[in-house]
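Each of the next two complexes has subunit A plus one other chain: subunit B in the first, subunit C in the second.
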Partner chain A sequence: MSTATETVPAPTQVEIPKISIDVEFTGGLEMLFSDQRRHTISLPAANKDGKPATIADLIHYLCEHTMKDARKDLFVLQDHLRPGILVLINDADWELEGEEAYEIQAGDNILFVSTLHGG
Partner chain B sequence: MPPALCALCKTERALIKRPKNYQKLCKSCFIRIFEDEVHHTITSSQLFFPGEKVAIGASGGKDSTVLASVLKTLNERHNYGVELILLSIDEGIKGYRDDSLETVKRNAVQYDMPLKIVGYDELYGWTMDQVVETIGKKGNCTYCGVFRRQALDRGAKMLGIKHVVTGHNADDVAETVLMNLLRGDLPRLSRSTSIVTGSDASEVKRSKPLKYSYEKEIVLYAHHKKLDYFSTECIYSPEAFRGSARSLIKNLEKVRPSAILDVVRSGEDMARLVPGAAPSSCACDGKATPNQTPADEDNIGGCGSSNGRTNGGEMAAMEKRLRENEAAEAAGLETEITAEKPKARSQDKPNPTNGQLKTAGTTVPIRLKQKLGTCEKCGYMSSQKLCQACMLLESLNKNRPEITI
Partner chain C sequence: MDSITDKAEQLRHKISQAEKELQDLRMQLEELESTTRNLNTNQQLGSTSESAHPTDTIPEWKWPLSEEEYSRYGRQLILPTVGINGQLHLKSAAVLIVGAGGLGCPAAAYLAGAGVGTLGVVDGDTVEVSNLHRQIAHSTQRVGMMKVDSLIEYCRGLNPVVSYVAHREHLTPQNSEAIVSEYDLVLDCTDHPTSRYLISDICVLLRKPLVSASALRTDGQLIVLNSPPTAQGSTEGGPCYRCIFPKPPPAESVVSCGEGGILGPVVGVMGVLQALEAIKLIVTGVGKDSNSTPKDPIAPSLLLFSATSTTPFRSIRMRSRRPNCFACSTGSTLTLKELRAGSLDYVQFCGVAKPVDVLKPEERVSAKEYNDILTKQPDKDHLLLDVREKEHFEIASIPGAINVPFSTIQTRSKTSTDDDSLASEYIPKSLSAHAPIYVICRVGNDSQLVTKRLKEIGLDANGERFVGDIEGGMLAWKRHVDQTMPFT
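Right, the complex of A and B next:
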């Protein structure tokens, strides 16, 4: 539950190139992200191992930088996206795109939809 | 990786991977197959007849919105000849239901359907906000669920409608199967799996046309058809037992997506072992006799956010209370048959070798079908002197600080 979020090493992001992507939250998830559906994110193009940024990196980034809500467990469980949250990468089910391993491209639209809310 | 092509049309890019069989489909083939499967459920279970008036229990959430959209499409495409009406319940929860009702009002325009809204305040003299003010947040879902069930029936009656469809999906049914399994409540497990509930004795029947539809596909359908739905959690929702069952289901789905429909089918198979109830699974592989059970008992409970979901502990506690109450009034209309009091349950186990439950007369308490009478107070069908809503109202009214009349 209480994953310390303040222990992010101070990023020396002087020369790391960024890629700009659109991230959307729906199905109730916008609640966790300042009640805002659409976010434009400047994501470091490479992760700390120097590999191209993936969805897994994006999820970490969102938790650390975008989500103000303390209930991280409603988005991430055991370091992975919480089951019951769908991801669409440019409108395609992320299961068709390699899930967390998908390498993010500039201009991508990544949509997170919760299925966990009532109907 | 190169984009995969749709397994059906083989021309468009696949956007969906179906949880039930991993089939990769493009948007339009997915929408079509989703609708075709609901149509199959409707026809094989003979849910509707031409000229029937059908009320859609509409909360503004994804499930009921998709249900309304799909039923409108299918009704036109296949000439069901049914008259569809949106029926919404206003529990009286500020900041939650008033927002979702706005969505339903837009849906009424979008789908060109009449809309009827029935409020707890007019039916019971209490809004949920007032109930919570009086009894606190704990256990309020029990009240809300019991009230809602009757409210849908009464709303339907006001409209002269005898059939209410709800947006319960495969994930909901699987959750309920698991919860009832974990509670050891086979009779309720049995009822929760049947696609049609409500008997001839009750005036309103219920059905769940999306019973075999994955929640994931419902959300994707809503997304790709750009449906207008509302999603927020009920502000009073406690998420206790139901939440655990839900997480379990979602975790299983992650590992093996077919698990959800498998749990539903297992539930249907287990239901057949319960005396007095024999639902068939998708009726196409057998007789198309919808299972009929007393509506007043089915699927009680549930908070507004969750379309009939309930907090198990609270419900179990209330049922215990109701059962004690009915035991005290021994005579009455009650025809519950139990071989033994439920407390002896722990030592009773079904014999696993014959795969069958022992029936009444042995040591396993199994509640059989109940005969229905009517509530002395409100005339609503009930197996006891007072219906559940009136019992709850009685205790609420006792606690009301100053009754202003």
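Right, the complex of A and C next:
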């Protein structure tokens, strides 16, 4: 797993460096992401305001670039993650890490889990 | 044909009556036996009841468990994690299992086997054939029986020493206090957010630890909540369900095992793990005396199970109690009185998925009407688009139907440039421009959305071509046209 930050050797334009992270989906969410549980994502290291990329930026990025399914509302509601989805940052609940404001580090493992109700 | 159906119905009726009788007899016998057992115990404890019995000749048994119990539990008794004290804790523990389904069956079986003192089971449903692949305590003979009775019968066969309590109803805000207060520990083995929030709330109010699990398709989740079960407002306690999930998921996103499918061993694993967590809590003395409750709250963790993953088990560190939790925080307004009064509407809180209703009546045909078209004009040029997922379609379909799964359509229709490809890929070229398109799905919801979509991308040729769905889907087709069609 590459944790190296992709850098541009000689930036001709204002090229935003990217960070490589692992994103996983489980609990049925993978069905919204081409039935693939694990995705390696190259995320722009800074958002459009020039601030370091956060989980909120990642969620936005996933909706725009990774999700092929039209049912966006099964992932995001009113610009926020829909209730019933847990985010786990390196195997810890995102609430221990600052939730949407957590600044993503290269090599992070971000897991999105849809809660199950069946029994 | 009808006489056979009648005969079968009569037989079914007779069988269910006979089963009821049998069950009554078993209960009578059990009551009788438990009375005798109590009598014997009293005599062993040197009570003053009459002693002119052959039991006189047997030397006094001076150990805390009966002789049979030492044999029965020997293999777990010798484990350091259990030991005689742990076994005595188990014997004095009362555990409540809410839901006698795929989780409740294995959980109850292992707890009965391990020798908990009292095992209560809550469920208002009856056993169905579609339950049997995973709800291992029920049986083909017991289809139609209350799940609670079926599960208890199974557990009693496994271990008659345990006392069983049947609650033949669903847990409600009104009955939950009376039921749950009789127990030391609760297992949430239900299958819907409404019950999950209710069970969590009553466990917070009555200070009972809660072992919660769920499963769907090939995934499962397990978490021990409200452990230790300290009072509302105490930060020492473990998080409750609302700390983890303050907001319920939208009703449309809640998928049941009936809709999404479930693999038997997946839900089985989760139920077994619930029993394990329960045993671990009980042997350390949970619910018995507050002194033995571990001083440090166990770091809350959520166990994720994915049967198809290369790492099937993952444990995730979870938050502790939420400072502004609706149920367990200092500011909580949740009380037993409120709950009893029915001020909390769990159904409304979690919402109800409304049936899709986006088509006008003239955009829909009934299963019968479509069948009439087929029989009257067998050569009529038309397209029947079956939008169920591939697995459903491959099991059985109406002859001539073309399968384009709903999920595929969702993927293709994200951008407008895909619209043409959607049309060209799935509408056969041979179909004449004005030949009608009928859309069918499982029960008639997705078919409406697809019909609407097809019209949006102009397939109805401004009204020149009929594009509509078959009301009630394959379920209606089975009911009204072809009873021999398997329905999944």
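In the analysis below, the second predicted complex is superposed on the first by the 102 of 119 C-alpha atoms of A that agree within 3 Å, B and C clash if a C-alpha of one lies under 4 Å from a C-alpha of the other, contacts with A are read in each partner's own complex, and residues count from 1 in each chain.
The working rule: a contact is a pair of C-beta atoms (placed from the backbone, for glycine too) under 8 Å apart; a residue touches a chain by one contact, two chains touch by 3 or more.
Quick caveat: nothing in here was measured; it's all calculated off a predicted structure.
Peer 1: Please determine, from the superposition on subunit A, whether subunit B and subunit C clash or fit.
Peer 2: clash
Peer 1: Of the partners subunit B and subunit C, which touch A:71 in the superposed model: first, second, both, neither?
Peer 2: Second partner only, subunit C.
Peer 1: For A:95 in the superposed arrangement: first (subunit B), second (subunit C), both or neither?
Peer 2: Both partners, subunit B and subunit C.
Peer 1: By residue count, which of the two partners contacts subunit A more extensively, subunit B or subunit C?
Peer 2: Comparing subunit B with subunit C, the partner touching more subunit A residues is C.
Peer 1: Quick check on the superposed pair: does A:116 touch subunit B, subunit C, both, or neither? Answer first, second, both or neither.
Peer 2: The answer is both, since A:116 touches subunit B and subunit C.
Peer 1: Looking at A:27, would you say it contacts subunit B, subunit C, both, or neither? Reply first, second, both or neither.
Peer 2: both
Peer 1: Identify the partner contact of A:16: answer first if only subunit B is touched, second if only subunit C is, both if each is, neither if none is.
Peer 2: neither
Peer 1: Quick one: classify A:106 as touching subunit B (first), subunit C (second), both or neither.
Peer 2: After superposition on chain A, A:106 lies in contact with neither partner.
Peer 1: I'd like to know which partner A:83 touches here: subunit B for first, subunit C for second, both or neither.
Peer 2: In the superposition, A:83 contacts both subunit B and subunit C.
Peer 1: If the two structures are placed on top of each other, which part of subunit C overlaps subunit B: 60-68, 402-410, 456-464 or 474-482?
Peer 2: Stretch flagged for C-alpha clashes with subunit B: 474-482.
Peer 1: Does any part of subunit A touch subunit B in one structure and subunit C in the other, and if so which residues?
Peer 2: 26-28, 31, 82-84, 86, 88, 91-93, 95-96, 111, 113-119.
Peer 1: Where on subunit A is subunit B touching in the complex?
Peer 2: These residues of subunit A touch subunit B: 26-28, 31, 82-84, 86, 88, 91-93, 95-98, 111, 113-119.
Peer 1: Can you list the residues on subunit B that touch subunit A in the complex?
Peer 2: Within the complex, subunit B touches subunit A at residues 1, 3-4, 13-17, 24, 27, 59, 61-66, 167, 169, 171, 215-216, 218-220, 223-224, 229, 231-234, 237, 246-247, 250-251, 253-254, 303-307, 309.
Peer 1: Inside the complex, what are the residues of subunit A that reach subunit C?
Peer 2: Where subunit A meets subunit C, its residues are 26-28, 31, 34, 37, 67-71, 73-74, 77, 82-86, 88, 91-93, 95-96, 111, 113-119.
Peer 1: Which subunit C residues qualify as touching subunit A in the complex?
Peer 2: Result: residues 99, 101-104, 188-193, 196, 213-217, 219-221, 244-250, 252-257, 260, 262, 267, 270, 302, 304, 306, 309, 314-319, 407, 410-411, 413-414 of subunit C touch subunit A.
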